[in-house]
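Which chain is which? They are A, B, C, D, E, F, G, H, I and J, in the order written, and residues in each are numbered from 1.
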């Protein structure tokens, strides 16, 4: 059973048992974004979390090793097409240089880590239409000179 | 004077007068991210803001029309290379499907707007290394059926 | 049964029963364009519409959940090749800047939504050759400043 | 003076004299979309229209020949990036197969011409936000067999 | 049975029965180029022609509907590699602008249709090596202004 | 003076003196397609033809060497965009395999040369719309085995 | 049995019977390069050679027709990656213009045919490391003017 | 004076003085292919050769340092278009796997160096059309294991 | 059994028997990097090493020939996406020209071989976070002139 | 004076004064690789280092600010072509998965930082040909879960 098989099994069981990503995340005490990414095969679980996931979702025991395996993080479309994902790509394109200016003015020469990193999704209710609040939190890494 | 000329003039004057994006944003009462993007030619200003920018930065009066012009939002590298910008692209690649799952579970079938949209950069001081907090705030747009 | 399986089943039953997209659309009281896109897996149905589609076309009951699932909207050829679709791409290429000028002159700085959006196909009979009338109707979204 | 020079001259004079595309179109008795595309160098004018454009906008007389020249219709980004233009590309991607199904069901095997073709932009005022109405009108061309 | 299945069946039967494209074309009273393209799934047949093809080649009766279906005309290599096909692509690249000049000088601003179009292959015997004569015949479509 | 300079000079003089490609071709006793391609810098002239071109068009004498130089045959858009040229590319895409089948059935395993090659453009007047007749004539080159 | 099946069968039998490309070439009296390319499906055999190959290698008799079929010559990576093949691509990149200068100085305006073409691989033993000698032999084809 | 300036100067002087690559190569006692590539900026000269080139061609003395500089070997079209260069690319595509098989059968696992490498162009006169003989000579480099 | 089958078998047995790459490398007396690359199918083994690998890992005897086969070294993503591999690509992009300058200053005009080449991975423990030490060791190959 | 101007000035002065990267690095007490990258505009200097560089090389005083500016790290060829740089890209392609396996076995799930990173070039003299020793030293960054 590899990571892909486990993802397919999770998707199926989630539909059958009417589970939600929020619910799964709550059961393993992790955030919904990280939990979903681990279930989709884009992050590796500790043994403890893998055990809880297997139990809560009702996965076969062979799934545990696959959940703990270190993933190869690759994606299919180098320019994404699904509108929800493309809009995020567009934000990076339109505001990329702006973010470089603003972050480096605040922090110095360096980058925001995508590894020592977390992300949250929140909902702000609003009479003119609810708003998606996406919060990225990454360690600032200054460039080294040597 | 087109948008590109104005951006170059701003960059020059900003260096000469030791201005900061934060300072410029404060002077026009807008957020630093939006202000920087308008100065880099990726957003259009209202007449009032254009007037304030011209005055605070000391731009020639011909800059006003260019600041108010509606920009063509294009970027050079469809897969970005600068490490700061690439890391954001990588986040979209690695977490794109995850965000689709989590946002659509919370909001239904639709997307987060990149037009009715704002973004902030904050600094979280931390003894193990400061953290960049990036907050995206976009209206949820449900797909229409007809 | 995923969206792809449902699409294949619909295509087959449509041929066997000599159904038309117009006829299916009429039976569920939606427009032919939206109905076809939902049948091809590019839009999600409400429960009510899914029920009607299953009944009218004679799909197995497992199709209902797949019709209601939120689609990943992706396409195969980033530059389309089929002549009918390429001509539309060519129109976007040749008239893209023109439309930007004309729409933004009429509405201000912003875009036409592709989400809060509908589209119709009509036939104008004409002695020199019939004409295809394609009407796109999208909400204007003004850029926000913040 | 080539087409590019003329376009730049038009853009400049339009700004100086506060002309609008609608106004220019009215003065030459053509539609705003076609007029704008001819001014941006994507269509050729008849002698009569070229004369009127030169007079109304106040272009130098050498502009006439360039307005009448047959354009090379090319665009810069094979996948557009400006959000207004990208949304149109996305519509072609998401609904391309759907339009092929619906058009060919109505008309038979063939395509909608992008040459014997016209397009209009209208504004539908709406309390929830105005709507852009884009109407494409192209001759249906049936495939020939031989 | 879809168009691909029919093409494979034709290729097989053609080899078994030692048929030729010329022979098949003769039997259905159409040209060899069009006939071959229809057999390879790149054109749709009228009912009458489909009946004749099924009979002459000895295809199963289910092939008829697939032969009549409207094809999606797509190709695999956007820059072709097989030397015979590449040479044609090279001709378009080397002589594209030349043809634009010569055709538009003769016909005005417009294009040669690839839809209202036919093509023939002939052999000119020659002592220094036979020559391939390829004749393309397409309706001239003038650009419309509106 | 390189080939590009000569092409620009020819385009200018052609406009000033109201020459046509047909007229230039007649004056040097070559076909219009080849003559145009040589003037656009895509073929090299013999000394005799270069002399005639310089004289007929009224080019400066330095143009002679550039007309005789061997060109580098390159084109800008690997997938052409101008509609007239794209339609030819589309023909290669849609009918490439068909032509391979038909030519190789007639001639054996080999290709049509794009070097030992000529091409003509003719006009067929027709009440339903004139037709462009494009004739390609290339030597058949059989594959060698060794 | 198509060309791909035959190639796989040859690779298998070659390993089982410890054949070499040199040995196979010797048995059919052709050069090793051509023989290998025919076995890999990139060239077609005459009936006589196909018979000899089937016999020497011990292929099933259905292989004969596939060996005689005219191949579609396509390759997977438009920029090759395997180091042995990439080095050849690099030679074309680094020395392409040089070869154009040297060949056209020697032969006039034209090209080296890749169709009326042969190639040999030799080994030059050398104390500092053996050397690969690759000899390409192609007919010079002068450009035609018309 | 950089390598590009020197190349332009050489091309100019070569034309003015009617030099040939063969002649230049003879004067510096190197092969025509290497000499041409050094003159086109794709190889670096020793001091002795640079002196001879400057003298024979009549270059300004500043050219010497540029001729000795180590070049950046880059090319413009990753898939070449000029027919002479494309044919070589096609040979690599069509025969790449074949050469891998034949070279590695003869030499073991490794590659032909493109660095410890030389190349010659010869002319074989032939009544049916002269032939270009291209000889590549590269050191075999076996893969190391460690 | 081809190289891919052997790789899959190794991955499976490694997991079942809890082997490590370090352990496998130790057992065959080679370095971990080379051993891993051979097990992943990117290098060929000598007979002696193949025997040892088969024995230590417990592979079927048919694996031996595949381990000894010369690999085709190809990779899937020409711009890698997995963050660990992308960082290495980024280093080549950011420091490529720098390395060219520094290596060629030290060694003269030439390159570092990727064939006569080895690589090691070491761990440097450090209180602020362990460090990865990657050492590449390649023979310097000077460009030849001829 | 921007980073590009400074790089050009450094290259010129370095040639005129016969400086070396090693010499410059020694004068500012930094490593040759980092020093070269800062001079080529790919890293930013502290004020102290910028002062030393300006003085040692003899740059105009305006160069100081440009040396201290934070660079945009971009490169021209996403697949490099210069042989020295391509070989490094090839190493990443051939050994990328291997390095992922070996590094993650040693360190856990994470990456080697390209930001908190240094690199050295050494020369190992060897009778069979000197060897380039390239040492990359990057902090290991474990993936975070949250």
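To be clear about the criterion, contacts are C-beta pairs under 8 Å (C-beta built on N, C-alpha and C of every residue); 3 or more make two chains touch, one makes a residue touch a chain.
Keep in mind that this is a model prediction, so the values were computed, not measured.
**Q** Starting at subunit A, find the fewest moves between touching chains needed to arrive at subunit I.
**A** 1
**Q** Report the chain pair from A-C, G-H or A-D that duplicates the A-I interface, where duplication means over half of the contact pairs agree by residue number.
**A** Selected pair, repeating A-I: A-C.
**Q** I'd like to verify one number: the distance from the centre of subunit D to the centre of subunit F, where each centre is the average of its C-alpha atoms, in whole angstrom.
**A** Centre separation, subunit D to subunit F: 30 Å.
**Q** Between subunit C and subunit D, tell me the centre distance in angstrom, where each centre is the average of that chain's C-alpha atoms.
**A** Chain centres of subunit C and subunit D, defined by C-alpha means, are spaced 23 Å apart.
**Q** For subunit C versus subunit I, what separation do you get between their C-alpha means, in angstrom?
**A** So the centroids are 49 Å from each other.
**Q** Going by the touch rule set out above, which residues of subunit B reach two or more other chains?
**A** Each of 33, 72-73, 75, 78-79, 81-83, 90, 93-94, 100, 104, 110-111, 113-117, 141 in subunit B touches at least two other chains.
**Q** Every touching chain pair, please?
**A** Those chain pairs satisfying the definition are A-B, A-C, A-D, A-I, A-J, B-C, B-D, B-I, B-J, C-D, C-E, C-F, D-E, D-F, E-F, E-G, E-H, F-G, F-H, G-H, G-I, G-J, H-I, H-J, I-J.
**Q** Can you name the residues of subunit J that touch subunit G in the complex?
**A** So the residues of subunit J touching subunit G come out as 79, 81, 83, 86, 90, 93-94.
**Q** Show which residues of subunit F lie in contact with subunit E when the two form their complex.
**A** Contact set of subunit F toward subunit E: 20-22, 32-33, 36-37, 40, 42, 73, 75, 78-80, 82-85, 87-107, 110-114, 116-117, 119, 121, 123-124, 126, 128-141.
**Q** Would you tell me which residues of subunit A are touching subunit C in their complex?
**A** 15, 77, 79, 81-83
**Q** What residues of subunit C sit close enough to touch subunit A in their complex?
**A** 65, 72-75, 78, 114-115
**Q** Can you check the complex and tell me which residues of subunit C touch subunit B?
**A** It is residues 30-31, 33-34, 38, 43-46, 49, 70-72, 100, 104, 108-111, 113, 115-118, 141-146 of subunit C that touch subunit B.
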